[in-house]
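Given below, in the form of structure tokens, are the structures.
In the two assemblies presented below, chain A is common to both, partnered first by chain B and then by chain C.
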Partner chain A sequence: MSAELFSLFYQFADVFAFLILSAAGLAIVFGMMGVINMAHGEFIMCGAYVTVGLVNLGVPLPIAQILAALTAGIIGMIVEFLIVRRFYKRPLDSLLATWGLSLIVTQSMLLIVGSAVRGIGTPEGSFAIGGYTFSTYRLVLFGCAVAVLAGLYIIFMKTRFGVIARATMQNAAMAKALGARTGRIYSISFGIGTALAGLCGALYAPTMTLIPTMGATFVVESFVTVVIGGANVLLGTAPAAVFLAMIRMALNASYGQIIGQIGMLFAVILIIRVLPEGLSSVLVRRGR
Partner chain B sequence: MATAAIGSARAAEPPLKIGLLEDVSGDLAFMGMPKLHGSQLAVEEINKSGGILGRQIELIHLDPQGDNARYQEFGRRLLNRDKVDVLIGGITSASREALRPIVDRTTTPYFYTNQYEGGVCDASMISMGAVPEQQFSTLIPWMVQKFGKKVYVIAADYNFGQISAEWNRKIMKDLGGEVVGEEFIPLGVSQFAQTIQNIQKAKPDWLLTINVGAAQDSFFEQAAAANLNLPMGSSIKVMLGFEHKRFKPPALNNMHATANWFEEIDTPEANDFKKRWHAKFPDELYINDMGYNAYNALYMYKTLVEKAKSTKLEDMRKVIASGDACIDAPEGKVCIDPKSQHTSHRMRLISVGPKHEVTVEKDYGTIQPYWLGEIGCDLTKKNDKDQYTPSHLPNKS
Partner chain C sequence: MFKLLDGPQTLGRGKIFWSCFLAVLVGALIYPLFADSYDVGNFAYFLIWIFMALGLCLMWGYGGMLSFGQTFFFGIAGYGYGVLAINMGGGTATIAALVLSVLIAMIAAGILGYFMIWGGISGIFFGIVTLSATLVLAFFLGQTAGPEWHIGPARLNGFNGMKGMDPLTVRDFTIEGSALYYVMIALIVIVYIALRMLVNSSIGNVIVATRENPQRAEMLGYDVRKYQLLTFVIGSGLAGLSGALYTSWGQFITPSSIGLPAAAMPIVWVAFSGRNDLTATLVGSFLLLFGFQTITVYSQQAALVLMGVLLLATVMLAPQGFVLGIGKLVVDWWSRRRRRDEGPALADAGRLQSDET
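Take a look at the complex of A and B:
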């Protein structure tokens, strides 16, 4: 029986980690900054490719993963400087610009590195409980997801940067009038968002096939989680991921992957119907 | 003098146009790229040796990017606007079924170059790949005998996966085996922790893996990480998706497949073919089965046109009906079956070891694509334009 219970927890942790890690970066870029970043999946892909490239050069996996996240963050800041900052007041145009960017990046990767890259294998091995065997690395992913949430909480709630950043997102003109360097705040926030996307790719790289379009597997889940979560990243994304992971886990376990996927999207439609501003709107109102 | 005049008159004839639809971007690009390369290699060789009926051939390739709507759009463009003499291509069975009604409205022949779930009885289509009576009827009995009677199936959720699973159910039933679980997975799903638990709960003796595309292939890495450790059988792994080259060993350990072509074939003809291929495409990770079939398709087309002395489908089908549509392929001699217009193949059972080395376990010799003919498809008499499965057979009349 305990094996069954652990199996349920493991499934939940697995889906939860996938949702949180794919959504964390987007929660900042889209949820807070309001930039509809269609290239989110490409930043994830970037993280994965850099990780595999560095591991093949002999860099230890955890260091390669950190470097990959940093690379994605730096590229993100460059992209913000060159493209995204022109679109802060035109969110729909940001959709078009980042979508174009995503197409260019995907096709360029296809031309430069080819259609398939050899995998690097999952580390950490496996453990057994009852009749089941589990991959240890999946629990590492769950740990990373929790750490990312904690890290975001600390950055945005406990630091000076966080206070200014939240002020800037809420009312950029007022924040600027009070002396905040809003341009830099936007740039750093976008960089954190894309670094988190890169981290997601870096963490999943050892478990997946690497192709230039791999980012697409994460994008639906990440947008869904952020939209359900609503404008407040810290109060929205985590409960949204818990909620969606429960639904998906239960349906996957009883009816298989297809129903799991349909059921999750159906739940999303229902929530958006009932709570157009997402879960965080309720939680924020409660808090007041 | 006279021959030279004829020669130059011939050279002045416009080239034969080959319409090619292959995915070289998108989720299936890694499998589609060798298909484009195989076609390019064959076109180059044929043109160097004087073309078809003295005419050069010209390849018009479009990339549908794995999108079935684009397959239809590009198919129409090639057939109606470019007026190609032959249409070749398509990866998934979904893309083939999207193209078939469009080709059926024309008199242009269509070559489908993949192994697939079988059953298409259509006079416009010539199938170059292997079908279930060549792949599943050899593989499944071998797996049952070697590993046991309980199988769990993971399959892509579209016509290929569904119909292949039906073939597995039928063959397992005939063998007295048991299908302890079937899971159909939407394309694009990349996370398999739940599937791995479901498999462990069902306790099968072996797995039938007919998952498709780069995302679904992540299953192998995740199953290896969870130490699932079950023997696996497949009609598409190794020879087609070259997972043993893409994943770090031992993710593909204990995988078994029946194939008419895999790059590890070691015969003088195969080695010569591989040498020519790698000379032209030195970066090719693996010459896969559908790339190989794509290469053969152009030689089969050349043979049909030259024997018929015509590029018309009608005349080419007379050659097929005579039973004389054969080529010397790198695997050996292959021929088109007159009743079904599918191709005979020399089938081998291959296994992947812990270091991802490929060994040939069994050589079945040449197997005819007999199933469609047995159930009553006879394209020399009647054009059904239908796809049959074990549960959907032609009406006896």
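Take a look at the complex of A and C:
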């Protein structure tokens, strides 16, 4: 019996980790600046490629993953400086600009790198409970997702940067008038967002085939989680991921992956009919 | 009638514009007399996509709804045509398949649109939800490779796509080559004129008012949601028309015509052209399609990179669109020159006129 329960938890944790890791970066950028970064999938791809490249050079996997996340973060800040910066007052145009960037990056990668890169294989290790065998790496991913949430909580709730960042989210003009350097806040938040995207790619790199269009695998889940979650990262994205993971786990288990994804989309369309501003609007209102 | 064609929501008015319009039309009509029949077929092929661009222009430029889901409806109607044409048999039934598949796309748009519009989705979220729907459809169709995925005798075939449907046929006459070309030209003229009349009618004014300020339009007593849904259904129906024509032209369709790079295309065409005007969209999409077609011969990837660059450049340099911007420059230059030539009295009149518009 406990084996069945653990199996259910394991399936839930698998989907939950996927949703949180792919959506967290997007949610921060959206929550801070109201900008949806359509090139999010390409930062994920960047993280995965850097990881695999470093591992093939002989760097240990965890260090390669951290370096990959940092690389994505730095590239993200450069992109913010060159492109995204001009569009804070025009969020829809920022959507188009980052989409243009996404097209350029994906297709250039296809031209330059081609579609095949030597993978690195999932780290060994599995354990058995009852009659079931589980992969340890999937649980590591779940642990990372929880750690990301905890890290965000600490950054946004316990640090000075977090206070100013939240003030900027509430009212950017006011924060600026009070002396916050909103430009720098935006730049750093975008960097954190893309670093998290890079981390997502780095963590999933051992589990999937690397192709330049791999970002698209994550895109639907991350967007949908952010749409359901609304603007608040901690109060929105996390509950949305729990909710969607439960729906998806149930559908995956009984009908398979495809129905899981389609069912999730239907759930999303139904939810936005009822809660147009996302879960976080309800939770925030309750909290007051 | 003429007022509807030359109304306030469309640029390009008066004798000069319509003379140009007629000249282009005549040029298009006599083109097959001079060209190679292979080229004419190719030409007809890229005219197919114009409907999708015009539909997006209506939704996005006039209605303010940025839909990334154009290829969603393109795909539904494209696959719909395939399934129906195979199941209903060839001959004149293909015309019915065309009409029905567009209707199916419009019904799908009605359902999706109802949930989004009545849910109060707008701006970025509108794009995200439509894009998600698009990606899920492409993902779903991509894994329908097995023999169990069929509707009647029509196999979906996963990534390899669906084939084996008849092209558009009336009795025993297959519409292809220059016949298809003429059908396309006729359809484009009809759709263009009809959209012009729509946006200049009172419905069009409400649609534009909703784009500018939904609350105010609502206060004035219009149920803006109905108008938005109407815009969405018409725009999606046009994407569906493109899809059904595409399938009937090539007698195949694959999920890749729905997925991410494909979904970006209509946005690039319309953004580059200038989303606020039908004529600019028509001209710009045509130019881009022509260019894209030429480059794709060398490299599909390079063509897509170029599309990305164009999108980025448009948003950064000319948010209103290049074709529209250049068009406005030409018109300004023209009227300034006329003013200078015809003396100060006319110059005043000209200024008054431009103040009004």
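Simple rule for what comes next: the second predicted complex is superposed on the first by the 287 of 288 C-alpha atoms of A that agree within 3 Å, B and C clash if a C-alpha of one lies under 4 Å from a C-alpha of the other, contacts with A are read in each partner's own complex, and residues count from 1 in each chain.
Rule of thumb we're sticking to: a contact is a pair of C-beta atoms (placed from the backbone, for glycine too) under 8 Å apart; a residue touches a chain by one contact, two chains touch by 3 or more.
None of the values given here were measured: they were computed from a predicted structure.
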Item to complete: Once the two structures are overlaid on chain A, check if chain B and chain C clash or fit side by side.
Response: clash
Practice prompt. Name the contact category of A:Asp93: first (chain B only), second (chain C only), both, or neither.
Written response: second
Discussion item. With both complexes superposed on chain A, which partner does A:Asp14 reach: first (chain B), second (chain C), both or neither?
Written reply: first
Practice prompt. Report for A:Tyr132: first if it touches chain B alone, second if chain C alone, otherwise both or neither.
Written response: first
Discussion item. According to the stated criteria, A:Gln261 is in contact with first (chain B), second (chain C), both, or neither; which is it?
Written reply: both
Item to complete: Once the structures are superposed on A, label A:Ala216 by its partner contacts, choosing first (chain B), second (chain C), both or neither.
Response: both
Discussion item. For A:Leu110, using the defined touch cut-off, is the partner it touches chain B, chain C, both, or neither? Pick first, second, both or neither.
Written reply: both
Worksheet item: Should A:Leu270 be classified as contacting the first partner (chain B), the second (chain C), both, or neither?
Response: second
Worksheet entry | Colliding stretch - chain B into chain C, listed as 152-160, 224-232, 314-322 or 386-394 | 152-160
Fill in: Residues of chain A at both interfaces, chain B in one complex, chain C in the other
106-107, 110, 213, 216, 258, 261
Worksheet item: For chain C, which residues are in contact with chain A within the complex?
Response: 66, 112, 115-116, 118-121, 123-125, 127-129, 131-133, 135-136, 139-140, 143, 259-261, 264, 267-268, 271, 299, 301-302, 304-305, 307-316, 319
Discussion item. Residue numbers of chain B touching chain A in their complex, please.
Written reply: 24-27, 29-30, 32-33, 157, 183-186, 188-191, 193-195, 197-198, 200-201, 203, 214-215, 217-218, 221-222, 224-229, 245-248, 251, 283, 285
Discussion item. With touch defined as at the start, can you tell me which chain A residues reach chain C in the complex?
Written reply: 34, 36, 83, 86-87, 90-93, 95-97, 99-108, 110-111, 213, 216, 219-220, 223-224, 226-227, 258, 261-262, 265, 268-270, 272-274, 276
Fill in: Parts of chain A lying in touch with chain B, wherever the complex brings them together
7, 10-11, 14-15, 18, 106-107, 110, 114-122, 124-126, 128, 131-135, 137-138, 206-209, 211-214, 216-217, 249, 252-253, 256-258, 260-261
